[in-house]
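Below you'll find a set of structures to go through.
There are two complexes below, and they share subunit A, which is joined by subunit B in the first and by subunit C in the second.
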Partner chain A sequence: MSKPKVAFYWCASCGGCEEAVVDLNEVVLDVVEAVDIVFWPVAMDFKVSDVEALADGELAAAFINGAVRTSEQAEMAELLRRKAGAIVAFGACAWLGGIPGLANLYSRESILEFVYGGSPSVQNGDGGVPQELIDVPEGRMTLPHFDEDVRTLDEVIDVDYYLPGCPPPAGLIAQAVMALVEGRLPEKGLVLAPDVALCAECPRAVTKPEDLKVARFYRPYEIVADPETCLLAQGLVCLGPSTRSGCGAACIAANMPCTGCMGPTSRVIDHGAKALAAIASLIETREPGEIAALSEQIVDPVGTFYRYSVPASLLHRRVGTKGGTATEGAVAHPAPTSTTGGES
Partner chain B sequence: MSEQGPEGTFEPRIVAFFCNWCTYTAADLAGISRMQYAPNVRVIRLMCSGRVDPQFVLAAFRDGADGVLIGGCHPGDCHYQEGNYNALRRFELLKRMLVGFGIEEERVRLEWISASEGDRVQKVCNEMTEQVRALGPLRLETVQSVDEGRVAPAPAGEPVGQVTA
Partner chain C sequence: MTEILIDPITRLEGHGRIHIFVNDEGSVDHAYLQIPELRGFEKFAQGRRAEDMPQITSRICGVCPMAHHMAGTKTLDDLFHVDAPSAAKKVREMVYDAFMIEDHALHFFFLGGPDFVVGPTAPKAERNILGVIGKVGLEIGKEVIGVRKQIRDLMIDAAGKAIHPVFGLPGGISKPISPELRDRFVEGAAHAVEFGKFALQIFRDVVLANQEYVDLVTSDAYTHRTYYMGLVDENNKVNFYDGHLRVVRPDGTEFLTFAANEYLDHVAEHVEPWSYIKFCYLKDVGWNGFNDGPDSGVYAVAPLARLNAADGMSTPVAQEAYEEFFSTLGGKPVHFTLATHWARLVELVNAAERMGELANDPEITSPDVRTIPTETPTVGIGVVEAPRGTLFHHYETDERGLITQANLIVGTQNNAARIALSVDKAAKALVHGPEVDEGLLNEVEMAFRAYDPCFGCATHSLPGQMPLIVEIRRLDGGLVREIRRD
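Presenting the complex of A and B:
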């Protein structure tokens, strides 16, 4: 009875963060030993009313993954904020907006149009779109509102800690949970991961040339990368220099470049801009025409550098895509099915 | 965020990052020579155009700039040898990234202006001001805490389930 109570919740996310908790394997038993999980929609049958019945602050911690896009997600976040002593933004989406945050490059209207009509894989006979309110003989039915913006968790509620990653690495999760359970509370606002760049823990760092220069950028499908050598030195756009470590260089171990899911270090405000600066500075040539040509080899700069952080960026969203006025935004930046599409 | 001119007309707000050794000195020269140019440009002196972190440009837009101008030494003249080349490398990619965020590339400009080219500062500042004036104000959307389009949950009638179509 005296065990601390914790809750897990998901907002706009893919379920990968829930997998990450399960991936704790036997460590999850230690966690369950130490805490009472009182709410976890993906795995346990508790209701919202169970959370509402808790006293304010009764939860030791709530781990919330996913960005916030609907009124329901915002309400749940606010409810958990009242009930929990500490809120942990769990994963890249909750911290920075994540992959769902890329939707801030499109207007709400163009997304609804595409998903319920334009998408080639959708057949929607009468062209119906979800309604928030509908009266039927049995009563009134409601759906949550689909907001204009994808917001990060801390744009909606006060957040105490952040666990980075897509999804957060098991080791960091276990450390964070145990620290909270044992009352070893870190300084508020902290990102619970090492505050150095990935290159610092990359096993290929020894092969990174002192004066690293790139003569041509490659996308992963364009070359077979050497499995030992620094990926940047091979011309692959690896965001290791501008991304926080703590993932054990998992992607690098699979011979894939870092895409930045662990977010920036504490010295950086805008992850994408910093990543862009780090990569652009590697261009070897001084010739203006060649510099422009190399920059063109990075086909989708926003998708490459802001893959996980559009909502948390200084610009927050694409200009002119709010308020349903600009479908032109969707034209200039092709819809996801376009053959020229982005790197993701 | 943009300023209003006399009859409520749009006055562009332009932030300029000038390098200490060439372009800022040129701006000084323009001033000493009493050259008149558009007062819309706010100059920030940095030691080198290579110091212009793309975050500075985004922060300028975020805080109300309608355009951003970067000035550095001519190629080969950089006081730190490589700084202006790095500025150019970042600028090319930054321009394309801004377009992805819906910001017209005409809102940013990189110019090489040496210490003796006061007249060029005058010309570039005037051109940039007119170019941005023609584009109009940059309308950056900020985070809204509550969506205005949100329908308040209806008290009449109990929700009975999820609507599927």
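Presenting the complex of A and C:
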């Protein structure tokens, strides 16, 4: 019997998801033993035409990392969708948009203006920016078009499963690949990670007070955090209560708060809104002036609560953005909590 | 006029293509390397908390996230006007050396090395890590994987994660090094030094002992006489974590030195309409087009440039290797781009030795790794040497420490103009007429592969060769011929 065929592809990503696969180390050998990798542009020499030549549905699975921001990436995603029995959105960017998704707080034009004009190191006398069609002395050249928005993979194609994390933890990758290879297909739409909040697996959970209340929020550089105690209990904004587990609390092991890269649990629609609500519920005072003062201590709500999920949020992007003022991205407010379907 | 389009080049982060214009006499008028990539990190950094920048900017590259994380962390020290405790600086440098070891090893064995170990004209199916293992043996292949795992595990335990570390804070690091972890760093360093020596011996046996390869490395097609830049310590020795910038002329004499916070006085970015990448040049010389020589502001960074810009290495085994490098290649500076592969191994040994020195420093396990900032943040500039070259971060904030402006100059941008020159020159030397065969493609690729370019960061990871499609078209767009390397 021939081995199941799988494909790996990447869209708008940093390469960390590819490194995460390499970091499986010897487990990679088991994977290679069990499947035929028939497309993996970063590692192997197969072409788009090789994918086109496959019968529809011939691939057991395609693993796609990165968000989508160009037409070429969208076309590749659509091609793999036709060829693959299962599509796995691999990592935070493919699932939620990821950190590059923060670009949805700014217009495409303002990005171009800064990069090729406003940046202090640029010397660009005539103010020209790269063009999609360029006439050089020898002839004509082209550059691809960049979409206005960063989109999640499931805004472009139907996705079967999601692997969370930035990057996904090695153990979850290995489990997911082997489950698909062995035909143990989970329920469609599933996020292939434990469906409980990070606090459930956090080694500091025992120090988290039952009725945790925060009288002041600290930024990570403002205090030396005790290495054993719940970070929230120390006033640090840790997204553990609203973020899915499965990472082994890696950041917390380094004495740094969770920033939410594993995304929400299945009961939450809008991760940022859920995270905001979870933190807001810790505010002890009921006095409006004090609540406002405490809220002021969270100086960048969108970057704090929606760091990995702006494109997947209910708002998707900041609308009506023009120009590129410094405060443009800072004043974006997260989705009103009343519109979320989330509950803890 | 015939046009040859090499598209896509897949071992790049994002997408790269080479557009070659061949005139009616059959020689190349110009070959352009285009980088169609832009994500706008500097723009969406605006409004973010400054202290989040080391974690946000690491997402520029998942292969060298530690470089951005560390440049960002050092920038925060400057921004918050805070001096990290001595132990914190040592831990940062030690972890950074670990990163340099594994990243350089990956490039030599997985990406650049196959061209030499297996051979530039070997069957294309063998020009990859599997071919390397086939040539040098499975035991050595396992050793490469083993060293990489050992070093990356150290990074995880010290920095939280190897891919997208979290331990950097203004004024220090989030967690001290335990004595147990220190012991593992000591072991890892000793292992890595031996591994580095072994890699150097492979280079001697495979490349230097083969006249054909030596001729290739020293051929004019891969040579540019440019300025070179790198970080050096107070003794003008190579340092990856800290120091001041030193620039040498094409003749090897010192041109200028400057501190990181003076970078805007000396480094500027040039814009071309045909690529999304910006091309750095030395402001002191000026932008005089895509040319080499003393009158052109084009300069290089990364391993070859660092060795050229420094007076030596800070550790003994690496210093020996440094001396052998220059004596073998005809003295300083070395202008042969392909010699970068050798320089990379000299640096690998240096990083391993330096990591060992720091791991054996009694202060390395000190719990005193944080200074709490007390001043209002304003402007911060920081620099490190990424594996792929000098990396500047520059942040400005409001009084709450929210970013109002961020400017980043990454390693490969410094090299961008020289890489463009290299591709153009190699194509001119190798392409004659519209009929090009597959063997040519790898040699054109080698012109930029030596740089280990960061737009290829995403692809430093696994065995394999670079799939290429060459389409030869008439001016009316009709396809004359398509060559695929499968």
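Observations
In the analysis below, the second predicted complex is superposed on the first by the 302 of 344 C-alpha atoms of A that agree within 3 Å, B and C clash if a C-alpha of one lies under 4 Å from a C-alpha of the other, contacts with A are read in each partner's own complex, and residues count from 1 in each chain.
Throughout what follows, a contact is a pair of C-beta atoms (placed from the backbone, for glycine too) under 8 Å apart; a residue touches a chain by one contact, two chains touch by 3 or more.
The structure presented is a predicted model; accordingly, all values stated were derived computationally and were not measured.
With both structures placed on the common chain, the touch criterion links A:E148 to subunit B but leaves subunit C unconnected. Look at A:A250: by the touch rule set out above, it reaches subunit C but stays clear of subunit B.
In the superposition on chain A, A:Q131 makes contact with both subunit B and subunit C. Greater residue coverage of subunit A by touch, when subunit B is weighed against subunit C, goes to C.
Judged by the touch definition given at the top, the superposed model places A:G139 against both subunit B and subunit C. In the superposition on chain A, contact of A:P301 is made with subunit B only, not with subunit C.
Of the two partner chains, subunit B is the only one that A:S71 touches; subunit C does not reach it. Look at A:L276: by the touch rule set out above, it reaches subunit B but stays clear of subunit C. Shared-chain residue A:Y218: touches no atom of subunit B or subunit C.
Residues 105, 128, 130-131, 134, 136, 138-139, 141, 143, 300, 302-303, 329, 332 of subunit A are contacted both by subunit B in one complex and by subunit C in the other.
Subunit A contributes residues 71, 105, 128, 130-136, 138-143, 145, 147-149, 151, 155-156, 268-270, 272-274, 276-277, 279-281, 283, 286, 288, 291-292, 295-296, 298, 300-303, 305, 311, 313-322, 329, 332-333 to its touches with subunit B in the complex.
Residues of subunit B touching subunit A in their complex: 53-55, 57-59, 61-62, 75, 85-86, 88-90, 92-94, 96-97, 99-103, 138-145, 147, 149-151, 153-154, 156-163, 165. The touching residues of subunit A, when paired with subunit C in their complex, are 10, 12-23, 25-26, 40-47, 49-50, 72, 98-100, 102-103, 105-106, 110-112, 114-116, 119-124, 128-131, 134, 136-139, 141, 143-144, 146, 166-167, 219-225, 227, 250-251, 253-256, 259, 261, 299-300, 302-304, 307, 324, 326-332.
The residues of subunit C lying in touch with subunit A in their complex are 1, 3, 8, 10-11, 13, 15, 19, 21, 29-30, 32, 34, 36, 38-44, 46-49, 51-52, 55-56, 59-63, 65, 76, 80, 124-125, 145, 148-149, 152, 156, 159-167, 169-171, 174-175, 263-264, 267-276, 278, 280, 283, 287, 370, 372-373, 394, 398, 400-405, 407, 409, 457-467, 469, 475, 484-486.
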